[in-house]
Amino acid sequence: MVLENEESKSLQSAKWGDGFESRAAFSTSPATGNANVRVFAPYTIYKGKASLSISPVLPTFVKIDSDIDGLKVDRRGSIMLTFCPAIGERKYDWEQRQKFALSPTEVGSLISMGAHDASEFYHDPSMKSSNAGQVSKSLCIKAFDGGNGYMISLTVTNNILKSNERFIIPVTTAEFAVLKTACSFALPHIMGWDRLTNQSPKGIKGSPSKMNPKQHFDLEWDR
Amino acid sequence: MVLENEESKSLQSAKWGDGFESRAAFSTSPATGNANVRVFAPYTIYKGKASLSISPVLPTFVKIDSDIDGLKVDRRGSIMLTFCPAIGERKYDWEQRQKFALSPTEVGSLISMGAHDASEFYHDPSMKSSNAGQVSKSLCIKAFDGGNGYMISLTVTNNILKSNERFIIPVTTAEFAVLKTACSFALPHIMGWDRLTNQSPKGIKGSPSKMNPKQHFDLEWDR
Amino acid sequence: MVLENEESKSLQSAKWGDGFESRAAFSTSPATGNANVRVFAPYTIYKGKASLSISPVLPTFVKIDSDIDGLKVDRRGSIMLTFCPAIGERKYDWEQRQKFALSPTEVGSLISMGAHDASEFYHDPSMKSSNAGQVSKSLCIKAFDGGNGYMISLTVTNNILKSNERFIIPVTTAEFAVLKTACSFALPHIMGWDRLTNQSPKGIKGSPSKMNPKQHFDLEWDR
Amino acid sequence: MVLENEESKSLQSAKWGDGFESRAAFSTSPATGNANVRVFAPYTIYKGKASLSISPVLPTFVKIDSDIDGLKVDRRGSIMLTFCPAIGERKYDWEQRQKFALSPTEVGSLISMGAHDASEFYHDPSMKSSNAGQVSKSLCIKAFDGGNGYMISLTVTNNILKSNERFIIPVTTAEFAVLKTACSFALPHIMGWDRLTNQSPKGIKGSPSKMNPKQHFDLEWDR
């Protein structure tokens, strides 16, 4: 029932939200890089067995080694998913958290999911190295048969420690709509496209130049 | 007929919109917290028996008690719905207003509604206390059978005063499209995500660092 | 053929776009009110019998007569449609232009149109006065039977001058997608909601306050 | 498999992304016109036979020759697609790149494509001149029969050099969702509409003016 969901979630925020977000601060701090002030506003879903916290991680930029004053993306942005296991009624253990960083393309996969689709992503920190496959993470997003919501699960396998952690979060259609809308909003930002467009007045010449129909194509044809 | 709707609404704004919004100022003032200037731009639907006014309420932030310069969400943002009963032709009584604050997840439920869906939300200010259930609010959004619009109704029950107020607003498909579009726009803002992304240049290092394919995963793997 | 459309449009812009927009400046100047710099960037569709130019008109604000420092909407924003008749091959007569200002709700109607829908809006400048009906404007947006585009037509009837002007613009699915996307982007801005959300840091208190689960509802319950 | 895709792309970025984007800087520099700092954040899809890089190109503005302080669009903005042929495993030759600039209407065509649609655009730099047809570019976007992704191909024909270059990029549903979302975000910006709406407080008068229901129509009726 909505009341149960909404209200229990409010209470959880009251009991654990603050500290949760406060601690989250340190783990998600890369999100705002060297910004003057760091802002932490994760969207957190609290469920019986685990909690899932979603935050955008902005890209970082570096100066271009050239004679022009430019910046290029250094580290890609992402949408960070943080899972915490429940360790009692409405208690979640931040120390045992596991994270999964959705790339722009993985975000594209999420926001294009229909009411009956499923997506699965694999990450391996040692990929392409001799240690490949020793440790891996698998995120699965699967629509419920009824089409009323999704199951999001993260599996972290460590073949060295022989450990296998699993987090399962049932997500309502409403919660998934928040995810889709917030991720669609964040996507251009984690791609760095907001930096291309939110700039001060530009390209202003002193007097109108005669419009040139080919000008548009010159851009296409220069090499 | 569109003319009737459009024009009568314009006229109502002329007669009551100003004062309405002016008084609204005081009730929605938390929306902009300590901002220098408060801006009031509710979207108001005037119908025969009541009016419905929609405004985003931004979250408030507090400094984090730590050695980093950060902010975290203090009070969640919401979309505030304000209902006023009609007390004559195109006259609405602000004194008898009732409000319902949609949480981000409830907004997600609203913007994901199809042309034939229904949603219902319950709020109880005394929830989880000994007074639980004494006073409660129930908001119902239900598509018309024809799929041409929605009925939005708010019921406020006070078991102590034995009072039961009800507001009913028929909403056209066009008005609901404004609601959905405006709420989708506002959602990341009431979540505080605009604060994460609308920041000044960040993460800029003096010289390009060698790109590290694992760097992306380090974020996932730090604890 | 796309080439024809695209290129002929480019050429038209070359021949008439500049002056067109330059003159448009004066008629759409209310869009940016007292802003320091006015920017004119209409989206114009040039067709055989007429041209259609679309521009957002931002709302204007007035100070609130009260002890708080606030602003409220004075004049509603709108999406201004400007029609010009063709007076020769790729020549359009700005002097004979006719305009139609879509209200936020009318914009909601436009952006919620399906591939087979139709919408019609009526405006009467003398509405509710003794001159009502003497002069009126009717805008009709109707999907083609094939579902491949829309017909947008404006009819301006003047019963005193016994005049009846009509503008008809066939719009491709691609052009309508630009209309929908641009109008969806502009809607929160013509509503003034961008002013609520694009504000500088706000609601920041010196130290974290204990989170209060009822706080959220207090907003709902204050009068 | 997603892992393969994701990771191989990361690796490619590591090997070629930096230099790629660095060189890209000079070709896409018009994107930010005379802005103080140029930001380069293309979304690049690396596939077996070629790579496709997408970046918004902002419009440029010129002062209006008039007594008002205004700006109008000088050169239209666009979404620039840059194709590079593969010259070895995960090696792409920037020197052999070919570009295609999508106009706002062509972007509208792209973002309105369904899971089974196809679009084709033709550009001829010499169009309407005696050299028309000597050199031309054709971009084709076609959904796979299965509805699981799209094929994007660019053909550049030079009838003088008797050359015919072709680039083919298979795009997954997830990658196309990023394209659609990023292009929908960028569309109002390449149209210059962000300049109309992201302006500082405007239209603020000292004291509230009496609301005039016709005021809204006066805008429609002035000439």
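Should a chain be cited, it is by its letter among A, B, C and D, assigned in written order, with residues numbered from 1 in that chain.
The rule is simple: a residue touches a chain if its C-beta (ideal position, glycine included) is under 8 Å from a C-beta of that chain, and two chains touch if they have at least 3 such contacts.
Molecules present, by chain and UniProt name: A, B, C, D = Single-stranded DNA-bindig protein WHY2, mitochondrial.
Given the structure is predicted, the values throughout are model-derived calculations rather than measurements.
In the Cα superposition of chain A onto chain D, the rotation angle, rounded to steps of 5, is 90 degrees. Looking at which positions face the partner, chain B and chain C present mostly different ones, since fewer than half of the interface numbers are shared.
A separation of 24 Å divides the Cα centre of chain A from that of chain B. As a whole-number value, the distance joining the C-alpha centres of chain A and chain C reads 34 Å.
Multi-chain contact residues of chain D (touching two or more other chains) are listed as 7, 10-11, 13, 18, 37, 59, 61, 64-65, 71-72, 76, 103, 123-124, 127-128, 195, 198, 201, 208, 211, 213, 216.
Within the complex formed with chain D, the chain C residues making contact are 1-3, 5-7, 9-11, 13, 18, 21-22, 25-27, 29-41, 43, 55-65, 71-72, 74-76, 78, 80, 95, 97, 99-101, 103, 123-128, 137, 172-178, 181-182, 185-186, 189, 194-195, 198. Those residues of chain D whose C-beta lies close enough to touch chain C in the complex are 59, 61, 64-66, 68-73, 76, 103-109, 111-112, 119-124, 127-128, 184, 187-188, 191-193, 195-209, 211, 213-223.
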